[in-house]
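A, B, C and D label the chains in the order they appear, each numbered from 1.
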Amino acid sequence: MKFKISSSLSYDVVAPTTYFFNILVSKAEGQTILEESIIISPPLFFEEFTLKDSEVRFLKLYVNYGSFTINYTATVEVNETVIDENTLLFSKPLTDIDPEVLPFISPSRHCESDKLMKFALKEFGDFPNQFEKVKAISDWVFKTVEYVGGTTNSSTSACDTIISRQGVCKDFAHLGIALCRALDIPARYLTTYAANLNPPDIHACFEAYLGNQWVAFDPTRLSSPNKMVKIAHAKDASEVAVLIYYGQTICTNMDVQCDGVLG
Amino acid sequence: MKFKISSSLSYDVVAPTTYFFNILVSKAEGQTILEESIIISPPLFFEEFTLKDSEVRFLKLYVNYGSFTINYTATVEVNETVIDENTLLFSKPLTDIDPEVLPFISPSRHCESDKLMKFALKEFGDFPNQFEKVKAISDWVFKTVEYVGGTTNSSTSACDTIISRQGVCKDFAHLGIALCRALDIPARYLTTYAANLNPPDIHACFEAYLGNQWVAFDPTRLSSPNKMVKIAHAKDASEVAVLIYYGQTICTNMDVQCDGVLG
Amino acid sequence: MKFKISSSLSYDVVAPTTYFFNILVSKAEGQTILEESIIISPPLFFEEFTLKDSEVRFLKLYVNYGSFTINYTATVEVNETVIDENTLLFSKPLTDIDPEVLPFISPSRHCESDKLMKFALKEFGDFPNQFEKVKAISDWVFKTVEYVGGTTNSSTSACDTIISRQGVCKDFAHLGIALCRALDIPARYLTTYAANLNPPDIHACFEAYLGNQWVAFDPTRLSSPNKMVKIAHAKDASEVAVLIYYGQTICTNMDVQCDGVLG
Amino acid sequence: MKFKISSSLSYDVVAPTTYFFNILVSKAEGQTILEESIIISPPLFFEEFTLKDSEVRFLKLYVNYGSFTINYTATVEVNETVIDENTLLFSKPLTDIDPEVLPFISPSRHCESDKLMKFALKEFGDFPNQFEKVKAISDWVFKTVEYVGGTTNSSTSACDTIISRQGVCKDFAHLGIALCRALDIPARYLTTYAANLNPPDIHACFEAYLGNQWVAFDPTRLSSPNKMVKIAHAKDASEVAVLIYYGQTICTNMDVQCDGVLG
């Protein structure tokens, strides 16, 4: 399926600031960027870079003062993923899985899986296999957490969300990830452009490593795995926020559009 | 029913210490102290006092050095409470309840009800009346929290227990109280001598204010309302720990015995 | 000195709500209410009550729907307190102090003194007496915490403020109280009308029990003990917020005025 | 300088367990492994692996039952690092530093730098350059935190340590890292074999990225940069604990020896 993405972000630069944006579509397997443009007005020097062995494409800018707008557009072809649930039932034992997956079992800033071992075991331990466990986790997050904008901030973590029972897509994702890791199931944070999201915004969900592959789950149920274009994955939002900046700046406008289009 | 209580606590005094014990049976309505003795060896001066409008009987000691043992025995007649559930179904509106009950709706050190409003509403909001809500809370605490000694300390609070899913009787009580208060149901902490408790110890549970009376619930299910002698009630354990002390001391032994005896 | 107080609070009643206001001047020792009026528009039935052995005057209202405004005015004569620092140097040992003071050494919802024992000992343990310790605590809170409106909420506690280093008067007070209690110095929360406060609002500070009396400290330095009229004291703000309500309501306006006037 | 290392760790295997040990000396720049041996008794199959672009050498074992002991010995030549403080005074602006360093500015599980921005700015913001700031941070951690074994666990984070004021080397390191990152100074966790450590154990400290290089600081002052052999660095201990395991096991013995030897 094809997706047309258009993203426009405007900033006032309060003090000289270094910006690292995570808004470019990832060159991940299964999706092909057919066309893409980055236009900054006024024209400003920017760099694109990728950390070693990562698919995350950072956009780096240094701005001294003034205001600017980034307009990003892309057309992306995404192969439909058909998950054969049978292949997910028998997960590899940890000793045999790719070592690169291991960092995604450790707790991270927003996913304190180390505190949730007994919690996860009691709530989800009885499901018969890892796939059923992750499905149950995603359903439980959907059912117990209410989607309410403006109730959380960039310090909110999975344990906070268990208590407050409210949050936005990043909080749903963090809680899902933390509960998977608490059961020794590798899980990672995923940001995406999701088709026809309402309200339109950059979306976050999570992937669990099941039967030797990363499988996406959206505990908000606002989108679903085959209706999204991947931007970045990471241990959690602390590594791939839409914008990480050093300096002082104010976001004055953000428009995100993603539409699924017929072939 | 009659209960025979015998409590023996030994301490090493590391530095001069002021002790406030909460181990004497309360002169609460519904229970009569038939006989009682307090023996301290070696003999030490002690005082008993009660805060204004409280039934809590504090035992105050100041000890400079050495070791000591308190032996407390009591025989107590407790009237059986028969709760007529029908009287609990229609709770007074908050505007009409006794103002003295109001402090037990506020959050307290170990019961952060202010953080659990949505949690309590989502889990227990649909039960048809306050009595059913409190029963559901007590059952939920029993089912979700595991009784494990040594996993919590005197700083552990209700929110910690929701995350860790383990604790001892005080933690069960704090969680029950916090969830009641989050639904605007007054609730208080209760310490008791519970008959035939295994292992024998001073017990903690909670009371909710329903239909104009305090009704006891034991979310640990280790005892039950008619098998206990009341020691003290308070907002939470921060106010009525078995021992509050200022100085430095080590508890070297604690034996608690409570037996129900035939008339 | 005389103070003229005028307080106007307006609310929209979203759902039937029971209101408990803490805005009436306390009948505490040292201050005399010369005149006072409470006018609610539209006229609504209200009750004033006081918990046993408390000076806190609650104003209780039950409102079904609509909007209302409370106008409270008072003229209060306050005796100047001259603290003789010499009387504060030798505090009574805990064994000898009035038992009614003891509850103010226990931790409370917003003052987790139990977690701050070592912190308080390391920072303030070396000051030569309790008065010097409390002065040092109040100065330290002033110096380390920044007064920033809108950064905290009704769940914020002393430990949160140590980390965030920002807050409003209630947060400064909670931190001062927690550190006193961590050193076994009784301390309580105090709400006041403070003369010429900028911006005008109901103010919060704290009192420590020193040498047998309660002595006020204002760690925000926005006011000072002889420029305030007492409203209420309590373990912390969870017990005496300006408004505790059960229902659903929105504050649409709040004007507080307090002026010191010549005899 | 040369170091002789000998490490012996024994485990009881309670249930089938996958072990990932971080005890092998790193092949980091500046240190050369002259000889090395890994002996497991009884003999068990193990694998060594390294994550892409990492110097961390994991030792992987899967054990079904029984007990085992790992004996690791190594002789390592470490080049003395002479830090020319002048080179550290002028740090590169963030826009110019190696992107691979950026992940070490983000908060991590045990280093909640996002919560400590104002804290760090108020305490250390006035030091004239990044080198002076990090030195001040390391000194402050040494002075305010007490080294007390057994008071923290694997969930303890920098914010916890600010409150409790106690911990072990990992807690000192986490706090140092969090404060650096809160000032936008990249910082990472470092585990080492430290010569003549008392009591002997695997040590933890931290590195800050200053003037284009990683510079080590030991806020415990139990060792110092030129008396250590590097094992691993990472965002924090959640990624490089001595042992990460999945299963159930008990450590029955741990002997670590590291001696500096003459050429």
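We take it that contacts are C-beta pairs under 8 Å (C-beta built on N, C-alpha and C of every residue); 3 or more make two chains touch, one makes a residue touch a chain.
In this text the structure is predicted, and so the values were computed from the model without any measurement.
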Quick check on the contact network: minimum steps from chain A to chain C? 2
What is the graph distance from chain B to chain D, where chains are linked when they touch? 2
Check B-C against C-D and say which one is joined by more contacting C-beta pairs. B-C
Chain centre separation (chain C, chain D; CA means) in Å: 46
Centre-to-centre distance between chain C and chain B (centres being mean Cα positions), rounded to whole Å: 29
Touching two or more other chains, which residues of chain B qualify? 115
So which chains actually touch one another? I want all the pairs, not just one. A-B, A-D, B-C, C-D
Give the list of chain C residues in touch with chain B in this complex. 18, 20, 49, 51-53, 58, 60, 62, 93-95, 99-100, 102-103, 105-109, 112, 114-115, 154-155, 184, 238-239, 244, 246
Touching residues on chain D, where the partner in the complex is chain C: 115-116, 118-119, 122, 144, 146, 159, 162-166
